[in-house]
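The following pair of complexes shares a single chain, subunit A, combined with subunit B in the former and subunit C in the latter.
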Partner chain A sequence: MCLAIPARITSIDVAADTAKVALGSVGKEISLALIEDAAVGDYVLIHVGYALNKISEEEAQRTLEMIAEMGLLEEEQELDPEPTSTVAGSGGQR
Partner chain B sequence: MSDPGGSLEIQLTPSSDGLVCTIVSTRPVAAASAFVGRSPEETTARLPLLFSICARAQAGACAAAFEQASGRVASPIIRGRREAAIAAETIREHLWRILLDWPTLLGEPPCRDDMASALALSNRILSRLDPAGDLFGVGARTAAGHTPGQAPGLDVLLADLHDLLTHKVLGVPPEHWLSLIGDPSGFERWCRNTETVAARLLRSLLESGEASLGKTTIPALPRLSEKDLIARLSAPDWAEFVAAPTWQGQPRETSPFTRVHPLPLIEVYGAGLLVRLAAQLTEVATGLRLLSRGPVGNAGAQPTSAGGNGIGLGRVFAARGLLAHVVRVEDGRVREYRILAPTEWNFHPRGVVVRALESLPPGPEEQLRRQAELLITAIDPCVAFKLTC
Partner chain C sequence: MKYIDEFRDKALARRLAETIAAEAHPGRDYRLMEFCGGHTHAIFRYGVQHLMPPNLRFIHGPGCPVCVLPMARIDHAIALATQHDVTLCTYGDLMRVPASERKSLLKAKAEGADIRMIYSTQDVLRIARENPDRQVVFFAIGFETTTPPTAVALKSARAEGLTNFSVFCNHVLTPSALQTILSTAGPDGVQLDGILGPSHVSTLIGSRPYRFVAEQFGVPVVIAGFEPLDVMQSALMLVRQLNEGRCEVENQYTRAVSEEGNRKAQALIDEVFRIRPEFEWRGLGFLPNSALALADAYADLDAEQRFPVEIAPAKEIKGCECPAILRGVKTPTDCKLFGKPCTPDNPMGSCMVSSEGACAAYWSYGRFRASSAQPQAASRL
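Let's turn to the complex of A and B:
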């Protein structure tokens, strides 16, 4: 189904309107172009390279727990929401 | 880690008989089984957090299924407001395609600022429709239920949405655009004279002779009876069914195209790419119309019939097609939870996307890839896809 993954913002590049996020031990760069007022430490829902919206830490943890219960998270987390060979732009969000 | 939401690998291979298309899906179609053992209240609270891309559609199907299982029927106001929230979400999902993906199909950068405005507006509209966050609870009796009128402040937000659609998407007021669906000559004038990304993409298809690309004979999914759908989703092979569903032995399509089915345009342009994209634009405009009627005006939304035997079916039309949930509850606990999503119908190994891609004309790889991207985007999976030509 259509899951969006919660992740915590670890740094922000204001000029590029991007952020680095952490999910488990792995980092990933995402776009902040679609949301406002994101800050380091915020949890955001990630979907194919974009932060969709901010959520509370509690909500993020509950969601991650559910994803883990379903066996959809692996031990070595690597957030890879934007497949490298996916059609540029399209195929992205989904 | 691969994306927990899964992805689709779509491969197009030339053969002596033409193109052969294969689709491999890693979507977690049986993930809802994780709710087995939980209470209905816990499930309705958690499910939208998990399936957050179409959270309202998922929550709507979930609530309807539990309500039927327990013999409850939501009030007309609650049903209307749920339908309005799902319409707002559907508009947002289609705008994601139109404002972020369609520009790239024209070789242009995504309209991120416009999509950011649309997303913020969508969030505000959804907050107005569901201020307490309990609209999709089983037996919801929120403030919405005690206020049989328009959600406070919604009019202003809908006016903003109307302006955004008019100036950034359709180039004309949404109601005017809807009249064009029944008027092929007016529709063509709109394509040729409007400068929004949407109009320019459709115009490019007219000019390149690609308007009718991807015609198939895959039939639309008919309206299935509750009894038939519950039986099919409860059968021993339910997991195979939700992964690759067929009805009466045939793959079916459920999408904005099958819902809108704009016959006057189909007669002129065929049931191909141009009309599929037009159907998404139509759902944006009809969604605003539905929102503008307010929850009382939407109270005609059909209630799920009361059951009360512990088994319930919830159905909603989400952005990408029909979404169905079936639950079985015993002793206050979920014993079965099954979800049938539109992407599994449309991206079936013998389904509409496969047949549409196999119908593409021979040509250079670059052309084939571009046309395939157009068709996949028009039929719109809800996960990332990888296309190999």
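Let's turn to the complex of A and C:
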């Protein structure tokens, strides 16, 4: 039940400290009581009707790049003296 | 959806899996505890375990708030609703958790108690406003992720002067559970080489509170997001730390977790709650400083004080292995009740109720056969 989901803010009601967010194609009203400086277009993590935190686009991109690079490294490691036979999806026991 | 689909990319997952397989030394074990039920769920749903080399194993931790809530607290909640005729509001996950004498909130509701399932603490406030002649109690549960919304509700109730609203508080603290797991780890307890730290909890508390894990216990931590690529990248980061002999708190989930966390939410929690001297956790026992109660300034909104109840000592289900599973020393298939008769439709223990519980994950994704060393299902990535 700690799951929070990313959603984009589509409008803000400053007086009520609430926002409307788009969750896929569904709209929802959430409370902004826990975060500061929210703006329309921001992505926030939603949990039980509250925005917990903003999501950083920059950091998300950086993480994806790092994941891609971590995978690439592997291709240069074909000379690994002890190649492990269990690779993606083989699920086998040696 | 943005920030979800990219982190489920199949091609990237396979490449990550190959890198992990290439870098994990065949001669050593990588026993990684995923603290959160959210991770357990992702690992099973996407078959991440099957993408890992055989010497890298995920051990399921106690990070499922429904699973660690002791039965006595559900008994207490039912007693609030039946002995004081209050309107008891709570999150859906709790409705089917077994209580003593084969009861549950759902059964108590069927028998006439006024128990309501809510989505948000804002709903509870609304119910209290609309029913001024009823006492409305919020059965609050959850780790640091779910605590701030309770704090907001308490503050709003105070500001509005709502006198028919109170909170039965069961919020618990992640670091103290980790402390217990680590201090009992070893030959008699669970054996751990690294920890995948909570992601959404950490958006609130930040990464700093985990330093003691590395410093005091010499176990590396990586704060890990809940999507499959997040879990796999974090596993690789732990493999690298272990291979290089490093022991640090690293943060994989940088898109939402900072070192200091959400200060606004932390300030709110400090204002509204105080730390309980001890609190019972299913499986872990009574842990010091491991939970929150309402601060003195909010004591009048504390349902435990407002509505004293009488309850008999809780009666656990005989044979249920949830306590050992929550400590990471047993797996669901070690339980004789697993699958027969205990299933998500007929849960006998808390770990079968929430989708984040280990028993429910084993059952729902049909991977329980793979808990031993014989993976049968292919990865779903």
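Quick note on the criterion: the second predicted complex is superposed on the first by the 55 of 94 C-alpha atoms of A that agree within 3 Å, B and C clash if a C-alpha of one lies under 4 Å from a C-alpha of the other, contacts with A are read in each partner's own complex, and residues count from 1 in each chain.
Just so it is clear, a contact is a pair of C-beta atoms (placed from the backbone, for glycine too) under 8 Å apart; a residue touches a chain by one contact, two chains touch by 3 or more.
Note that the structure is predicted; figures quoted are calculated from it, not measured.
**Q** Considering only touches as defined above, state whether A:Val40 meets subunit B (first), subunit C (second), both or neither.
**A** After superposition on chain A, A:Val40 lies in contact with neither partner.
**Q** May I ask you to decide whether A:Ile67 touches subunit B, subunit C, both, or neither, giving the answer as first, second, both or neither?
**A** both
**Q** Check whether A:Glu59 is in contact with subunit B, with subunit C, with both or with neither, and answer first, second, both or neither.
**A** Both: A:Glu59 reaches subunit B and subunit C.
**Q** Of the two partner chains, subunit B (first) and subunit C (second), which one does A:Leu3 touch, if any: first, second, both, or neither?
**A** The answer is both, since A:Leu3 touches subunit B and subunit C.
**Q** Quick check on the output: what are the common subunit A residues between the subunit B footprint and the subunit C footprint?
**A** Residues 1-5, 31, 33-36, 45, 47-48, 52-53, 59, 62-63, 66-67, 70, 72-74, 77, 80, 82-83, 86-89, 91-94, which sit in both footprints.
**Q** Inside the complex, what are the residues of subunit B that reach subunit A?
**A** These residues of subunit B touch subunit A: 1-5, 7, 27-29, 31-32, 34, 46, 49-54, 58, 96-97, 100-101, 103-105, 110, 112-113, 115-116, 119-120, 123, 339, 341, 369, 373, 376-377, 380-388.
**Q** In their complex, what parts of subunit A are in touch with subunit B?
**A** Its residues touching subunit B are 1-5, 26, 31, 33-36, 45, 47-48, 52-53, 59, 62-63, 66-67, 69-70, 72-74, 76-83, 85-94.
**Q** Which of the residues in subunit A come into contact with subunit C in the complex?
**A** 1-6, 8, 23-24, 31, 33-36, 43, 45, 47-50, 52-57, 59-60, 62-64, 66-68, 70-74, 77, 80, 82-84, 86-89, 91-94
**Q** Quick check: in the complex, which residue numbers of subunit C touch subunit A?
**A** Residues 1-4, 6-7, 12-19, 21-22, 24, 26, 36-38, 50-54, 63-66, 91, 93, 119-123, 141-143, 145-146, 148-149, 152, 198, 200-201, 203-204, 225-226, 229-230, 233, 236, 252-256, 262, 264-265, 268, 354, 356, 373-379, 381 of subunit C touch subunit A in their complex.
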